[in-house]
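Listed below are the structures to be examined.
Look at the two complexes coming up: subunit A is in both, with subunit B in one and subunit C in the other.
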Partner chain A sequence: MKGDYLILLLLALVAFILPLILPGDYYVEVFLFMGINVLVALGLSLLMGYAGQISLGHAGFYGLGAYISGALTAHLGWPVPLAATVAILATALVAAAVGWPTLRLKGHYLAMATLGLGIILYILFVQLRGVTGGASGLSGIQPVHVGHYYLDTPRRYCYLVWSLVVLAFFFSINLVRSRTGLALKALHYSEVAAATLGIDVARYKLQVFVFSCVLAALGGVLYAHYITFISPETFGFMYSIKLVVMIVLGGMYSLWGALLGGAFLSLLPEVLHRLEDMEVVVHGLILLLVLIFLPGGLVGLIQKIGERIRGSS
Partner chain B sequence: MAQLIQYIFAGLTMGVIYALTGVGFNLIYNATGVINFAQGEFVMLGAMFLYTLQEVLQWPPLLSLLLVFLLGGVVGVVFEYTVVKPLVRLGVITVIIGTIGASVVLKGGAMLVWGKNALAVEPLISEKPMAFLGASLNTQVLVVLAVTALAVAVFWYFFGFTILGKAIQACSVNPLAARLTGIPVERMITLSFFLSGAFSALAGGLIAPITLAEYDMGTMLALKGFCAAIIGGLGNNPGAMIGGLLLGVMEGLSAGYLSSGYKDALAFLVLILVLFWRPEGLITRGKGERV
Partner chain C sequence: MVVLEASDVRKSFGGVKALKGVDVTVQEGTITALIGPNGSGKTTLFNLLSGVLPMDRGQITFLGHEIGHWPAHKRAALGMARTFQNLQIFQEMTVLENIMAGGFRHTTSGFLAGGFSLPRVRGEMKSLREKAMVLASDLDLTPYLHKHAGELPFGIQRKVEIARALALEPRLLLLDEPAAGLTTKETLALGRFIHGLKEKGITVFLVEHDMDLVMGISDWVIVLNFGQKIYEGTPLAVKRERAVIKAYLGERRAKG
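And then the complex of A and B:
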């Protein structure tokens, strides 16, 4: 739709202006991490909203991107772009290896398989001390630079992150409108009917799943090379759940849900920082309450309000 | 030889826990078509309930275990009415996400109620380890095996020989036809949730003296219970029981002879391999699906 591109243009404008007017580095950094969350959430949104599948291991793919790219630059001194490319390709390969057997089947086997994979990756991040630094973390990750120009301030890095977010949205909007997107839409109405029309159901689902994991890995790469120090907790099961909450809260059936949900959940800890242990329960409750009372999420709510206004005028 | 027997018994003990959890998955799957991601939390709650009844309130162990079974059933029914029923009209994927939410709430809630530390629960019979063919066996292992055997016998009798059990099965085979023959389908679904919660909680109560009760024990047990159900073919109860025992023994042997650090990865590997080679399960014969 034309509307999507218009929103995208608006988003690009906001992402360009915000780092300039935000007071202080702290807020720019919050906006930066919001961008990373939105990027990872966007991938999951494609998977959940368009392929109708759930991944409970996205934190693992996010971590895989961060650790592979981080370790290659920290231990072997590889240049960042090369390490990042290898990390993303490797994550895509792992995703394909898990997705291929599970997505051929009807039903929701992928959710359980990714749940297991996420747990195993977390165990590996902690156990493979020689590579990952174990529980105490991996330090010495190289920052991103072009020649002698280092992207080491929040503002500079923020532009890198949000340019990629805008690019990813552009790509995703096109994907949804492409042959793949149309095929996936057909699956929603009837998998059997789609299959009889010659749509290779499993292949399209797998494509979306792998793309979704690529975005997660990209997010991990961006995270690792900004923070330059990573430890396993960041990539635990709770982050996978947080991502699912972002999608459901934002609205599962629109790509913009990832933006709203990702932004909302990135800001939530800033507002309620004394939550700590309660944070987990709050996430679960948001998930349940939104599902029951607001199945369309925030995007659905906005659409409904829009219709009301148009209807009353 | 003694070592081998030790590993096998350790494996069997965990295996029956996976089997009971797997059966819990099947009961809800057969009734609603939903994979319940809160199943592991039912098991965790069983362990926590047993701790509260037996250790805090000092009630007799057998009575406590029975109450754990019943309370688990109540949790299952409450779960159906608060999470599954409000979401079921929105489709299976929404219900599944709902069960994920419920799982997080239950886990976080348990952490707030029972704390983050692992809680010790006294075994049912506190005897010294028994010698068996040169291996020394924890007596709780025998209790677990005996209680599970009893539960399976009851289960088998219930589903094989009572009208109620057959009615539940009829509902999972064809809800419409079941309704036409006058079976109250809704009530049978609720009963399935009760049994699912009860058997899972029983599993938690049985394992608590061996592994300790901890708020985050559920996720891993759920993954393995699910693996048991997949080995047996999702929805097939005797299959899940065999699958659980198989997985438990494999785990016990690999922990003993290979490395205990990666034993948790085994279940996942088995899960992926079974889904890859025989998604209909190793035990059942494959059947076509009507569209």
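And then the complex of A and C:
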């Protein structure tokens, strides 16, 4: 339990030092995008590991954040903080509208509903040309700045992203240890028993789902205002799947799984340039191998190794 | 005072009428037992009372509230706790966490307060933990506090479930076959424990097959058969009643 805060402190240190020592902007940028992936994955990890629900449309919520915030700054010239806030709130509303009816039902209706929503959102990103720029993309998105200080270098932006990642982990660790976390864990293992203890199962599932979509939207906002040009393929079904693979690979039952899985899958394409076309196959393979040989994911593996070392000494 | 009153409760599963209009009343501070042969509708009645299953028709009044169509969590929030015949413990959670979850209705903090770990949140979690430790010690569960509940022997899991239900600080405790799968020694201890609950002022309503346990601790016994109440009375009166002997106890005599 206390270990979580220690790991968080370590993470904050690493996130502070890495951008200073990485050799060149390219690597800093890789680290920056890793932060965005980890942020989105963290929300999904809360949903999957604690509420026992799967979203197959998180790329859609990620895209909503990016497009709404991006379009408000590009077309209407809104200041970034205001556009970002509106984008995140709007995404939360969409999430609540989808989650409200589906999360009242037992079973994996949320997975199906989000799968459908993700596809619909993708089509909207392509078709609403006047707003989204269609298939050729949306340009003119404003960068983030504080007065005349522009966060337009990879290093500066990296600090913004990772500060938010650390903050999101802090919030999530606290949440898991609070009454809400207790309720989520309980309903994951038995919805019936949880309800007979006074836990409003549908409400807690909805809360964590909306929060998870808020983190996805925040990730989208961060992405859009860094890259300042977005196009639909970033927010397609494959990214939703990639997020699920991150969680399974990292380990579903620990929030740190989102960090490890997110980091691993962010680095993989950088190491294996040639496998770009094979990405789907690689993800499928990872999913299969982890589920068969490593059901606890990377976090589970580390815990097992830790136990063995302690056991032998 | 009447804690729980159910009248004309009906439930069908497809074409099978599990409950055909049952009336039950549970008086405050008593131990009331619900007995009857397998399939007589005892667990179904418990599921309707606790809100785990929706009822087809009838009325349920709990502490003066008409709760017949309330969701389960609202009934629990009002002070109704239950255990399950087939155990519904949170297997991957520790014994301590299981019992703490039982105290959920005594906490209030919201999502944001939890995420920012406000002092109030830490306070209520600490209080949940302390109360859970006391309950664990009452039920001799202290050695298992940090073990995953699913790894423990059956008898211990039963106790964890009872401790979890008690953490709710219930006005009414529904126990669904608490002695099933327990050894004779464990059953005797359970009987003493349930009797102790009554002395603490907790009203108990239990479904049980172990007749020695039922007759030993109950103040009032209700007998179901084929979805209908066929008799109710004191344990002594139930033992003498022919209809009951025929429907239920007779089977045991024949076997013995």
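Some notes on this structure:
As a convention for this text, the second predicted complex is superposed on the first by the 313 of 313 C-alpha atoms of A that agree within 3 Å, B and C clash if a C-alpha of one lies under 4 Å from a C-alpha of the other, contacts with A are read in each partner's own complex, and residues count from 1 in each chain.
In this section, a contact is a pair of C-beta atoms (placed from the backbone, for glycine too) under 8 Å apart; a residue touches a chain by one contact, two chains touch by 3 or more.
Fair warning: this is a prediction, and the values are worked out from it, not measured in the lab.
Contacts of A:96 after superposition on the shared chain: neither subunit B nor subunit C is touched.
In the superposed pair of complexes, A:295 makes contact with subunit B only, with no contact to subunit C. Shared-chain residue A:192: touches subunit B and subunit C both.
When the two structures are aligned on the shared chain, A:278 is found in touch with subunit B, with no touch to subunit C.
In the superposition on chain A, contact is made by A:237 with subunit B only, not with subunit C.
By the touch criterion defined above, A:201 lies against subunit C but remains apart from subunit B after alignment on the C-alpha atoms of chain A.
Once chain A of one complex is fitted onto chain A of the other, the partner contacts of A:178 are limited to subunit C, with no touch recorded for subunit B. Contacts of A:108 after superposition: subunit B is touched, whereas subunit C is not reached. Shared interface residues of subunit A, touching subunit B in one complex and subunit C in the other, are 192. Chain contact summary for the complex, subunit A toward subunit B: residues 48, 52, 54, 56, 98, 101-102, 104-109, 111-113, 115-117, 119-120, 123, 127, 192, 237, 241, 244-245, 248, 277-278, 280-281, 283-285, 287-288, 291-292, 295. Residues of subunit B that touch subunit A in their complex: 35, 37, 83, 86-87, 90, 92-94, 96-98, 100-105, 107-109, 111-112, 219-220, 223, 226, 230, 234, 261-262, 264-265, 267-268, 271-272, 275-276, 279, 289, 291. Residue ranges of subunit A in contact with subunit C, taken from their complex: 171-172, 174-175, 177-183, 185-186, 189-190, 192-201, 207, 211, 253. Residues of subunit C touching subunit A in their complex: 50-52, 71-77, 81-82, 84, 88-93, 97, 100-102, 104-105, 107-111, 113-117, 121, 124-125, 128, 164, 168.
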